[in-house]
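Attaching a single structure in structure tokens format; questions to follow.
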Amino acid sequence: MSLEFTSSEMMSITAARALSNDLICFVGIGLPSEAANLARLTHAPDITLIYESGTLQTRPDVLPLSIGDGELCQSALTTVSVPEMFRYWLQGGHISVGFLGTAQIDRFANLNTTLIGDYREPKVRLPGGGGAPEIATSAQEVFITVKHSRRTFVKDVDFVTTVGFGRDGKARDNVPNIGRGPTLVITDLCILKPDPDTRELVVTSLHPNVTREDVIEATGWDIRFADELEITPAPTHEELAVLRSLKERTHAHHSGQQ
Amino acid sequence: MAEFLSLKEAVSKYIHDGDTVAMEGFTHLIPVAAGHEVIRQEKRDLTLIRMTPDLVYDQMIGAGCAKKLIFSWGGNPGVGSLHRLRDAVEKSWPNKLEILEHSHAAMANAYEAGAAGLPLAVLRGYVGSDLPKVNPQIRFIECPFTGERLAAIPSIRPDVAVIHAQRADRQGNVLIEGIIGIQKEAVLAAKRSIVTVEEIVDDLGASVNACVLPSWVVSAIAEVPGGARPSYTLGYYDRDNAFYKDWDAIARDRDTFLAWLKHNVIEKGAAS
Amino acid sequence: MAEFLSLKEAVSKYIHDGDTVAMEGFTHLIPVAAGHEVIRQEKRDLTLIRMTPDLVYDQMIGAGCAKKLIFSWGGNPGVGSLHRLRDAVEKSWPNKLEILEHSHAAMANAYEAGAAGLPLAVLRGYVGSDLPKVNPQIRFIECPFTGERLAAIPSIRPDVAVIHAQRADRQGNVLIEGIIGIQKEAVLAAKRSIVTVEEIVDDLGASVNACVLPSWVVSAIAEVPGGARPSYTLGYYDRDNAFYKDWDAIARDRDTFLAWLKHNVIEKGAAS
Amino acid sequence: MSLEFTSSEMMSITAARALSNDLICFVGIGLPSEAANLARLTHAPDITLIYESGTLQTRPDVLPLSIGDGELCQSALTTVSVPEMFRYWLQGGHISVGFLGTAQIDRFANLNTTLIGDYREPKVRLPGGGGAPEIATSAQEVFITVKHSRRTFVKDVDFVTTVGFGRDGKARDNVPNIGRGPTLVITDLCILKPDPDTRELVVTSLHPNVTREDVIEATGWDIRFADELEITPAPTHEELAVLRSLKERTHAHHSGQQ
């Protein structure tokens, strides 16, 4: 019997699987937060989740809408100030994985959350960098999760808010005290990893029922596929059940029906 | 020593046209009521500082209070854009809004340095980012011991900081609990400060290392129950997440926004 | 994740001859029992770092564990000199002791910068003082924004930090309460850390913004009730001020000191 | 009826009187702590006392032996970390008076608490700077209290641990963001203030029963006296009673007889 699931569910579950029990994960809001909490509620019960609002080792029962919902604080080991979070915990080198979303991503995994168009005359003004620019450099490695589309996956981002490997793939070379950068990108279509030499993102695994053509169609550059292309295992019954229950609780909570 | 004033008096006395104003609160304890009072008093030409502009700055910008915004993440958390902020940046409505943009780490460090009385903050930041190309305040220095290149930014020292907190005691000492964000730094870095509180009590009930601002670093305290809504106050009321979602539709259209502002801010305040 | 070890195992596993060791606790929560274990295990050539050396470092220096001391105030608080420290500096007994001297502000900033992962700390310090003449680590930089001259010192990043705290839970998270000093920074700045605690409990009973070190930044936890005596642990026992006064006479004379050490540290530990 | 009092009591009481109710006072251990708490227990009940151990607005019932006695923490408004104390509260500019003791002081109110003799071959090694070097520059002004003797009041200190006005009296000139420095020195013999022009310490008031010769004898340089030399008012009955009771409580407490 094969389970029914959406591509969004496939993305969250795949992203969750990337997180192991012993990680200290600095979690971005939205998709990363959904995946990180799903990991915690399934195979990684002891994973340490940290949000930039200052909540250390938090275990929310519902997904936070904002980075600083009360739920995050009340279920945390302790809550520190925002400067302490960025100075001691992130820049201090205690984060194993920074988990980010983005509005645009390019072939060298640079992220743009600043704007579309020109900085002084933007076509679309986006929220901005937030914590991402330093999460991406201070965390030991970075995972990115984002929906796959030609609008999102562009050859060159309009603005490098947050460095992946730079416009030439070499931005981290010979920089002291910098993390390994984006080692994993999880979309609703596939998994991508940087080529060890060029750092260009390469598809390493296709999700079930996704074709190479689907990925090519949704990517704004001439995307490469790994020689040994894998197929991502489909969601299990448990993964789907936990994710759906989490999203249901969350929806009820944020609609004021808690 | 902190003065106990009404919110109206506090805003009138301590916030002036042209001031640099930091209203802080990282999702939690956002001083929304104070922002509405600023709108009612028609303050103009403010330089607004805030890590996460949020709805209260969207409203103040839409109401025409701001000429400049210094920020690091300007969105409606978990929902999307701040449409009034975008309209001001993209279309100069209701007036042109200059922006100066940082990362969270940089702004947190800049507030911290301001609280520490220093002219600059030094951090390992902005590596590979285009932000230094568009923000002339971001420079780089070399560590005299290791030669490492580090980012340097000016500290933040606002004219006025405005925050919301759980409570003050009758001597004017203020307790902040939960997600304490950057509020202590904002107040210590500022020349003047206004604190709205849920209640004024005999005893703060603070634990031994609690985040407490002594009366002598606060200019004015105003008792404003619910002063953070639709943000929240830990121990008092929850975040009104539904309103944050509703705000998207209200703010998307100029007329809808103006009607909301008139009904919910301008007329509401006048009645009290 | 923190390992639960006996104090003997923890010191044996994590402190090695030649290490740079920071045993912190600002008057309160001084890790005295851990210092005694270092003496019993005859660790040698340690570079000891501590803002206020206090009795425990006087004992370790007198016992011959240290080759260098980095500090900012080396006295017996409210009583007078540390005679073993003075004997080592002035007469090289039991061995020559190199010293590197700072102010409290500078050391506090250097630990803070260490915890923040930075190579240097910047402060408004040492103006007019002769300390920069005798401490080559103190330099001055110019603020790129204001031109102000500010002191710069290397951050402190010890091999090992050793602290004492009220309690740990069974997952290895540690609560520190009261005068929290520089302990959190020392642990976060260090490569390895040992925490002795009064007790291990099911629930830390920590308030929402309490000073808690998560298990994953601590190397080893040892349950050592009374581990701070004659210093104190808030909520457990008071400072033994009388012993601090008595120490003056004990430490003044080499033989009296050696006899005290033998009876109270070396033989005492061996029995347990 | 004239009261009996010791010169030490005279010193503490005079020092206490210098502190007014609205001050934020950063208190050194020993004599400054005794005077500051005496002020709080007499004419300045609302004075804010801060100790470098992190205790903000503390009200100890007995004098602390160390800078970090439990009493200081338990009676404080709150207790902050040591880096926060030095960064936010002292360097941040919130301290109106830094109140210090010293081992040596010279005619320009420079303080030496480092050593007697040469730095590499000291005759006597003293405890060191502690908080004083930056208290002296970041506080809006500095009061010093110390017993008067030729060993203590020297023409030139062996080592400037903590700057008064420098070796030439000009160390604060044109330095940005620096306090006014030592404006008041209180000894067991007299009160001294810096000359407004040269910054050399000048005796402005003699304590009761103290002669000019007593001060000259106890001072290691050619000490000057103000043209309008005052006589310090003798202790009042209340001042003496409160001081003696405080010292009695303190002695009992630190001997373990509390």
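Letters are used for the chains, namely A, B, C and D, taken in the order the chains are written, and counting of residues starts over at 1 for each.
Just so it is clear, a contact is a pair of C-beta atoms (placed from the backbone, for glycine too) under 8 Å apart; a residue touches a chain by one contact, two chains touch by 3 or more.
Since the model is a prediction, treat every value here as computed from it, not as a measurement.
S.K.: Report the chain whose CA-based centre is farthest from the CA-based centre of chain A.
M.R.: If we average the C-alpha coordinates per chain, D ends up farthest from chain A.
S.K.: Any idea how many Å lie between the Cα centroids of chain A and chain D?
M.R.: Centre separation, chain A to chain D: 57 Å.
S.K.: Roughly how far is chain B from chain C, centre to centre by C-alpha average, rounded to an integer in Å?
M.R.: For chain B versus chain C, the centre distance works out to 39 Å.
S.K.: What positions in chain C touch 2 or more of the other chains?
M.R.: 112, 117-118, 123-124, 146, 148, 178, 180, 184-185, 208-211, 234
S.K.: List, in ascending order, every residue of chain D touching at least 2 other chains.
M.R.: 73-74, 79-80, 87, 91, 138, 177
S.K.: Could you list each pair of chains that touch, in label order?
M.R.: Chain pairs that touch: A-B, A-C, B-C, B-D, C-D.
S.K.: Can you check the complex and tell me which residues of chain C touch chain D?
M.R.: Listed in rising order, the residues of chain C that touch chain D are 26-28, 51-52, 71-75, 77-79, 81-82, 85-86, 89-90, 101-106, 108-109, 111-112, 123-131, 134, 146, 148, 178-182, 184-185, 211, 232, 234, 238-242, 244-245.
S.K.: State the interface residues of chain D toward chain B in the complex, per the touch definition above.
M.R.: For chain D paired with chain B, touching residues are 22, 24, 48, 56-57, 73-74, 77-80, 87-88, 91-94, 138, 177.
S.K.: Within the complex, which stretch of chain C touches chain A?
M.R.: 1, 112, 115-118, 173, 184-185, 188, 206, 208-212, 214, 216-217
S.K.: Within their complex, state which residues of chain C touch chain B.
M.R.: Its residues touching chain B are 117-120, 122-124, 137, 139, 141, 143-146, 148, 150, 152, 154, 177-178, 180, 207-211, 234.
S.K.: Which bits of chain D are touching chain C when the two form their complex?
M.R.: Against chain C, chain D makes touches at 29-30, 52-55, 64-70, 72-74, 79-83, 85-87, 90-91, 110, 114, 119, 122, 124-134, 137-138, 159-163, 166, 171-172, 175-178, 253-256.
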